[in-house]
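Multiple structures follow.
Two complexes come next, and they have one chain in common, subunit A, joined by subunit B in the first and subunit C in the second.
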Partner chain A sequence: MLAEIGLASLALALALALYAVAACLIGARGTGPGWLPSGRNAALLTFPALLLSAGALTLALLSEQYQLAYVYSVTDPQTPALYRFTALWGSQRGSLLFWSLLMSGFACAAIALNWRPQSRLMPYAIPAMMATLAFFLGLSLFVENPFERWWVLPDLPADRQVASTALIPPGAIAPSEANLRAGAEGLNPLLRHFGMVIHPPMLYLGFVGFTIPFAFAVAALAAGDLSSHWLQATRRWSLIAWIFLSLGLLLGGRWAYDVLGWGGYWGWDPVENAAFLPWLVGTAFIHSAMIQEKRGMLKLWNMALVIATFSAVMFGTFATRSGVIESVHSFARSQVGFPMLGFWALMTLVALALLSWRWRRGELRDERPFLNILSRESLFVLNNVIFIALFCAIFWGSFGLPITSELLLGKEVTIGPETFEFYVAPLFAAMYLLMGVAPLSAWGASSLRSLGRSILAPLAVTGLCVLLIMLSGAGLAVALLGYGTALFAGTVALFEIGRGARARNRSLGESMPRALLSLFRRNQRRYGGYIVHLGVTLIGIGVVGSTVFQTERQHSLARGESVQVREYRLRYDDFILARASDGRRLHIAAVTVLRHGGEVARLRPRIDEYPQMPMTIAGAHSTLENDFYVLLISGDSERATFRIYINPLVNLVWWGGVVLALGTAIAVYPKVTPEPRERKREAKPA
Partner chain B sequence: MNQPLPAPGVYPEREGGAILRRVVMAAILAFAVIVVGGQAGGVTDNDVIRVAQRMYCPVCENIPLDECHTIACIEWKDEIRAQLAAGRGDQEILDDFVARFGDHVVGLPQDPLLRALAVVVPLLASALALAAGLIAFRRFPRGGERAPTPLAMAPASDAEYRRRLEEDLARRR
Partner chain C sequence: MSELSWEKPKHPEKPKRGPSLKFAGAGLVIALALFALIAAGTLRGARYFISVDELLNDPSYQGRTLRIAGAVDGESIEYDSERAIIRFEIVHIPAAYDDLAQALREALLDPLASRLQVIAEDAALPDLLRHEAQAIVTGALSGDRVFHASELLLKCPSRFEESVAPEGLSQIPEHE
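Up next, the complex of A and B:
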């Protein structure tokens, strides 16, 4: 019954999305007044339809309905309830449905909130959103259907007697429940981690979120409303998508750190890079959108960036789901490869064609010229150049070269972290430098002298910090450069917040805490942005510390024996063999970590032996200064081999993520209008 | 024409030489095994990791060799240990694996063309992006050189429009 409900509501959602596209486009032509509201209502109804469909699949997962091929492939009777729930996005079919549900949720919210304020854009924005949704629903329904069920077909030859289909074939009978339970495959062990509960939804929210600004940009191009209306309508959506994508990337890094057992969190793997690419262009867009809103400039560039962000999202989805990362040949064999490639190309080309048409008509000209290379808008453009250069470099290493080499030379190549780090490190340094300089320059024009004066104090503080770091022993030039540029960006953010609060304190007589509060209330976007910069600074410092100064050792120890690694000593105490409730065998080493002679932690690194694969789960002792991270490589009661990592400052990466989320929340939070009395007080001359 | 058969118990000189060669070979092999065995004891896990970090699993896509626990990777790491023990350098070992299995087993292609493409293209792209940005700045008209088109002068928002309207009205009063 659940399969029928899920399938019917999925088909209904597809029909509604297609109808919404058609009705809104007819309405846009002015054929009749009823078409547009009808299209809107159909679009709004896709969400409850998909909620029902995803709800049915979730219920099937929770109630162990193994006749559903999806439930059979991602759970088994031992799977805990939490992972049954998260199995909804544990494999391609479920995750496509989940993606569609989130896309529909975002679209419905955007339609409901912008229906009246952006009535001119809605006839085109709704079709753009619903066309994207319809594509994914089509994939779910016709290519990767999560509601297919196992059937036994006794009339067919023995090798074709068992099949999974969405509709009941004639003469089919349901397989025995006991056989299904016994054969159920269970969730991929890599996904049985709390990080996987949150990481994919965050990433998907980030991905689908960027569809909203894209849809409004396309609508602006189609409707000819090329003012900043579409930017105002989508500013919050862009920031929400951006923060979800940022958190998705960070949580993915945390999951890799905890689960993959290699002592790091970012391996420049193509799957990671596929999610990072939209983040780079999206970040560039968020910055350059401010220039259009404030100065009426970069209209063409903003359109191009938002199209590029959506295109990168679609490409990332295509790349991770089509198999093209493994090999161009597996892409060709993939069922979703060609449809996704086609949709990605179609949407990108349609948007670019509209953009080119409007540009040739002269409708995307800037309202003001750039006056000065030191103006804030010019520095923002330079910042955009850096982001685009990073995008191109990472795209080339992850996809461009491997695909070109395999197609043209017949050679498979892999680009490793050392190669990526070689060319992205200087670009990131330049990005941090601009993050520091740009907020100090003025809109319109800035003189070298005034900019120099503003930079002096933060630069002096940064220099002092770098000197202290150097004296503490971290004297490597690369590290000092990394720390210096990141610290400079953070120092400027702190200085700017302090300067604003001081100005209020002097002119309005507010106490400093009150001045700070008022500052954030008055200009949430600007000061929220500075908090985001502080978060990015912390992440940068964490990345430099944990990359440049990471220590890695492997040692084989007899029981009772110990080994010194930098300031830590690891002692091998005991070895335990156990079996978990879900059937996996656990090989656990009990170790004690000592620092300067004193015990600081007792850890239990272990190997989880699943039927599909073994997993190495680290034991970690975390402080803000560093992580002592130990992996059990092999062992028995007599002897064990450990791989030990000391990752300095790695926790700043995670704390930076928290600060980044806080800053974005401040920037996105609906504007608090000051009380009339306060407004009056502020209007008084100082 | 036919060579006379040797008398029983008497071996021809050439055959005796062959035996000697075999003995010498066996001695060399035994010596090599002892030497290699002795050196293998000197190769630490960390030495193997150092080389394995620069290689990729032959089975799993994009998983560095030192992090992978498949049987194929364990065998490769054993082979790295043996090659290190035999006195081979890191680069020699990498070259040997690339020659046998292809460029995808290392993090930077060894093929000169692919290596150049891997390194030069991103640098070139960055330089081009920067150059494009700078050229764009140079081409930007200075203040007042270009009057905005009427369409481009469309106000950015209703609030902005109202503000301009009020300003115009105030000027007329």
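Up next, the complex of A and C:
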């Protein structure tokens, strides 16, 4: 019954989305006043329809309905309830449905909030959003249907007697419940991790979120409203999408760090890079959108960036799900690849055609020219160029070079992580430098002298910090350069926050804590942005520390024996064999970590033996200074082999993510209008 | 006689570069720098991604840094945990296939398929190194026809694996 409900509501959602596209486009032509509201209502109804469909699949997962091929492939009777629930996005079919549900939720919220304020754009924005949704629903219904069930077809030859279909074939009988339960495959052990529970939804939210700015940009091009209305309508959506994408990437890194047991969090694999590419263009767009809003410049560039972001999202989805890109993430060669490639090309071409049409008509000209190369807008453009350069370098290494070489040489040529690091290190250094310099320059024009004066104090503080780092023993030039550029960006953000608070303190007599609070309340976007910069600074310092100064050792120890690794000593105490409630065998080593003779942690690195594969679970002693990360390679009660990593500053990467999220939340939070009395007080001359 | 006079112009006109020219110049410099960076990195780090057959049949590949993909023969896996050395064999898989799992299985069943001995030093034993996994190794072939891997990647079982018809499901059908 659940399969029928899910299937019917999925088909209904597709029909509603297609109707919404048609009705809104008819309404846009002014054929009748009723078409547009009717299209809007259909679009809004896709969400409850998809909620019902996804709800039916979730219920099937929770109630162990193994006749559904999807439930059979991602759960088994031992799967805990949490992982049954998250199995909704644990494989291609369910995740496509989940993606559609999120897309519909975002679209409905955007339609409901912008229906009146952006009435001119809605006749085109709704079709753009609904066309994207309809495409994914079509894939879900016709190519990767999550409601297919196993059937036994006794009349067919033995090798074709079992088939999974959405509709019941003639003469089919349901397989035995006992056989289904016995054969159910269960969720991949690697995915049983908190990071993987929330990493895909975060990434999907980021991906689908960028569809909203794209839809409004296309609507602005189609409707001819090329003012900054579309940017204002979508600014918050872009930031929300950006933070979800950022957190999705960080959580993916955290999962790799905890689960894959190689002591790292980013391997420059094409599938990882495919998710990073939209982040780079999206970040460029978030910065350049500010220039259009404030100065009426970069209209063409912003349109191009938002189209590129959506295009990168679609390409990333294609690369991730099609299996055509050679990657360590083994994604099955699914049928969704070519339809997705076609949809990606179609949407990008339509958007570019509209852009070119408006450009040729002279409707995307900037309201004022760039006058000074040191002005804030020029430096923002330079920052955009760096992001695009990073995009080009990573795209080239991940996709451009392998595809081009295959076409031209008949052999695939690839590059490894060390080459990606060679590409991105100078570009990230430039990005951090610009993150520091750009906020100090003025809009319109800025002289070298005035910019130099503003930079002096943060630069001096940065220099002092670098000197202290050097004296502490981390004297490697490349690391000092990395720390220096990241610290410079963070110092400028702190200086700017301090300067703003001091100005309020002097002119309005506010206490410093109150001045800080008012500062963030009155200009959330700017100061939220500085907090984001602080988060990015922490991430940068963490990446430099954990990449350049990582220590990796392997030692075999007899019970009671210990080994010194840098300032730590690891002692092997005991070996325990156990069995978990879900049936897996656990091989646990009990170890003690000592530092300068004192005990700092007792860890339990272990190997979990699942029926499908063994899984190494690290033991980690985490501080802000470093992670002592130990893996059990093999062992018994007499002797065990450990692989030990010391990853300096790695936790700053994760804490930087928290600060980043906090800053974005401040920037996105609805603006608080000051009380009338306060406004009057602020209006008084100092 | 007329008096000759010469007047110095008050503001000598210097040819002034407009901001757009400066921006174009800066853009060109950045584009060239990016091109140089990408070209230098590619020349330095590019390596062919070839099959086991191609490696073993072409002596010119010997000693060069390459990337090879093959099916892992589980019985050949040896791990020296004292010295952190992994030894295993990979078997040639064809470049084109529809189903990776099936291609790996068939490759390992083929007695005539080319096999390559791989050694990875100072490496932790990956959980995913097992029979019928796909290994992607980066390194170089030495004179003794052993591939010394500096990087070992294994395709993890996917979240997106297709549901294959389960064996034994039709054995005791429930007649309803």
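The rule is short, and it goes like this: the second predicted complex is superposed on the first by the 672 of 686 C-alpha atoms of A that agree within 3 Å, B and C clash if a C-alpha of one lies under 4 Å from a C-alpha of the other, contacts with A are read in each partner's own complex, and residues count from 1 in each chain.
FYI, a contact is a pair of C-beta atoms (placed from the backbone, for glycine too) under 8 Å apart; a residue touches a chain by one contact, two chains touch by 3 or more.
Just so it is clear, the model here is predicted, and its values are computed rather than measured.
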Side-by-side fit of subunit B and subunit C on subunit A, or clash: clash
Touching partner for A:Arg365 - first (subunit B), second (subunit C), both, neither: first
Which superposed partner A:Gln92 touches (first subunit B, second subunit C, both, neither): second
Touched partner set for A:Gln161, first subunit B, second subunit C, both or neither: second
Partner chain in contact with A:Ala178 - subunit B first, subunit C second, else both or neither: second
Touched partner set for A:Arg321, first subunit B, second subunit C, both or neither: second
Touching partner for A:Lys411 - first (subunit B), second (subunit C), both, neither: both
If touched residues of subunit A are counted for subunit B and for subunit C, the larger one: C
Which of subunit B and subunit C A:Phe422 touches, first, second, both or neither: both
Which superposed partner A:Ser227 touches (first subunit B, second subunit C, both, neither): first
Touching partner for A:Pro270 - first (subunit B), second (subunit C), both, neither: first
Stretch of subunit C penetrating subunit B in the combined three-chain arrangement, among 9-17, 45-53 or 99-107: 45-53
Contact residues of subunit A, present in both the subunit B and the subunit C interface: 260-262, 267, 269, 326-327, 369-371, 373, 378, 382, 385, 389, 392-393, 396-397, 401, 411-419, 422-423, 427, 554, 556, 614, 616, 641, 643
Residues of subunit A defined as touching subunit B within the complex: 226-229, 232, 260-262, 267, 269-271, 292-293, 296, 325-327, 362-363, 365-371, 373, 378, 381-382, 384-386, 388-389, 392-393, 396-397, 400-401, 404-405, 409, 411-419, 422-423, 427, 552-556, 614, 616, 641, 643
Subunit C to subunit A touching residues, read off their complex: 19-20, 22-23, 26-27, 30, 34, 37-38, 40-42, 44-50, 67, 69, 79, 81-82, 84, 97-100, 122, 124-128, 130, 134, 136, 138, 151, 153-163, 165-176
Complex interface listing, subunit A residues touching subunit C: 69-70, 72-73, 90-92, 95, 148, 150, 152, 154, 158, 161-164, 173-180, 182-183, 188, 190-191, 200, 260-262, 267, 269, 321, 323, 326-334, 369-373, 378, 382, 385, 389, 392-393, 396-397, 401-402, 411-419, 422-423, 426-427, 554, 556, 612-616, 631, 633-634, 641, 643
Parts of subunit B lying in touch with subunit A, wherever the complex brings them together: 44-46, 49, 54, 56, 61-62, 64, 66-67, 69, 102-109, 111, 114, 117-119, 121-123, 125-126, 129-130, 132-133, 136-137, 140-143, 145-146, 148-149, 151-157
